[in-house]
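Chain lettering (A, B and C) follows the sequence in which the chains are written, and residue indices restart at 1 in each chain.
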């Protein structure tokens, strides 16, 4: 009997330990990133690091400004949002309100499935199809802000569609009926009564999409051109924070390497802010719901 | 009897059918509604087209290059076979699951069966798990490099890659397992306690077995993520070609192999073929996962 | 003058025959009440009058339903029909927006954009629904913060704002307290001078208090229809008598 009680207590302890792994993981990630990245930021100077336009780690003297990469990440993400969000939300509207049931049975699993396509496959597709198309029809070298925006826009579609659709479906049917009963058309009822009521859910989907786009790495490297510059046109190449890390980590040493890790710290902070705003949206909609 | 009613049904001339011409007439008075409708249909067609085009294009371009050479046992610079990478992927996947599954299931058991509702610590654990699932894979890659490769001095190795990936898939396994555990009816627990079984015995003998399909669906989902992962692996498991030789040696997975081929741009045909293998593998794994999940929910 | 005329109407939900051979004329500027036990088809009939049943999959209707002599299942614009025949639902369903925007929703739908005109409609609709005094200071506040009774009267005001001819009320007071119910009943009596009101109620006292005519339904059939006083004091049919004396339902 006593052995049993000891076993119970011991296993409860074991389960507890596994449960706090995720806390330990987040703490460890923070420690390792900040411990390795912060000294570099301090040495370079935070303003020179975040605000500097010149990234020339192999020059004498070297300069480590990642403003171009921050701008690149922001532009690429914004481009992906501009392309992916309207189409994604409208597709969600179609799936939730206008899709014939027989068609829905095919489309729904298809969009769910596509959420799992590995990003490297999207990147390769962009490299072989979108990049040549832009070079031949729009201008520039091909690898560009535009190419990255299109590919990331497609990549975040399944996320936006999935989250928005469930947000739209969560709106009480009585809003739709109430609007129809006032003589509004189906379309007006959907856009004026249902969509406004589902906006916090849709916003959560958009934030999730932003997180995915800003963190995307390998696909972007293949198609964004990776030039360290602030692009003056959408057919110019850009380099994102993520691309900067992967492209140079392989051969970097010393302060250069630390500066790359610090680039990761900046990215990590961006993501933490996004996660926080996500949780704020969630708790707000729970309160209202 | 039912047939008779059916027959009668088909004879009913319902007056509440909305003819297409009638709808068109209504749109004439409200042209903006027609425009909105068309925009919605167009957007849906566009997303479906983009996603279907992507898959079909890769299949069309890649399937002709699925030659026996692509699956040769040896990799060399003349024949960039993806076979070693496939085997490396399997090894890394198994190793990752070996680490992540016990932790994920253990954590889920704690959250679902032991923790009291509204517990502060539970809230923190959930927030952290959510934070983990939002972290991009390149940040995991950096962490893995700093922690396992450098600080633990494992070097670029399968082990470092597997540890990095296990942290990455931990939230997925935790969440799906917890959902599966919560879905187990309380009557099972009561029944087991009623027979005098302790909490541990109840969990191991009664609750876990009935949650297996849900857990499995989550694990398979995690496999899909591992197989498709690149950014977290490139500076942890490295990109060495050829078959790995023990857990401390470096080796590229199929997704890394795909990236290398695409980046070098020398073996485009093989890259298309590899893309097909990767795509089919990941989509197959995900289909299996959702199939199991669906089977589970239809049983209830 | 009859506002609505229903002839030989049948309604099926898939295989279920929900309304069987209904014939009914409802006079203008009067209150007509549908009573009967749950599941007798009274709400279904009400929803057929503004074609809300069109939303129900597998719903089939046969027969002839006319509004002012015009076939509402013929070649008409459904959105205009629903503008002419307003509806208040069993559960108050204000949109999650401000009081003002709730009332202005309908007029905006029908093309009214001028702020002054909208202000005027909002005020007059709220006054017609006898809730202006309670809400005039919180027009910009969310409608979801109102009490249940206020929400329902807001929904009545919202329906009135599109200037309908008929007002359908589907057990509009069933979720409300007696005081709110009383206010809405009073309102109905006032509104019938301008509108034709058709209501479904499970509360026989309510029908007796405010309805001019009452129709009694049982298992999809209309058993009896006539002057409310006659139905309650001197029913012709045995089923009606059994129902109003409380022997079933």
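Going forward, contacts are C-beta pairs under 8 Å (C-beta built on N, C-alpha and C of every residue); 3 or more make two chains touch, one makes a residue touch a chain.
Remember, predicted model here, so these are calculated numbers, not experimental data.
Distance from subunit A peaks, on a Cα-centroid basis, for C. Simply put, of B-C and A-C, more C-beta pairs touch at A-C. Measuring from the averaged C-alpha position of subunit A to that of subunit B gives a distance of 17 Å.
Distance from the subunit B centre to the subunit C centre is 50 Å, each centre being the mean of its Cα atoms.
With centres defined as mean CA coordinates, subunit C is found 49 Å away from subunit A. In subunit B, the residues that reach two or more other chains under the touch definition are 26, 30.
Touching of two or more other chains is recorded for residues 79-80 of subunit C.
Among the residues of subunit A, those in touch with two or more other chains are 185, 188. Within the complex formed with subunit C, the residues of subunit B that make contact are 2, 5-6, 9, 12-16, 18, 22, 25-26, 29-30. The touching residues of subunit C, when paired with subunit A in their complex, are 50, 52, 55, 79-83, 86-87, 89, 91, 93-97, 105-106, 109-110, 155, 158-159, 162. Listed in rising order, the residues of subunit A touching subunit C in the complex are 172, 174-175, 177-185, 188, 192-193, 196-197. Subunit A makes touch with subunit B in their complex at residues 4, 7-8, 11-12, 14-23, 25-26, 28-29, 32-33, 36, 86-88, 90-91, 93-95, 98-99, 107, 109-114, 116-125, 127-129, 154, 157-158, 161, 185-188, 191, 211-212, 214-218, 221-222, 242, 245-246, 249-250, 261, 264, 267-268, 271-272, 274-275, 278-279.
Contact residues on subunit C toward subunit B in their complex (touch as defined above): 10, 12, 15, 48, 51, 53-54, 59-64, 73, 75, 77-80.
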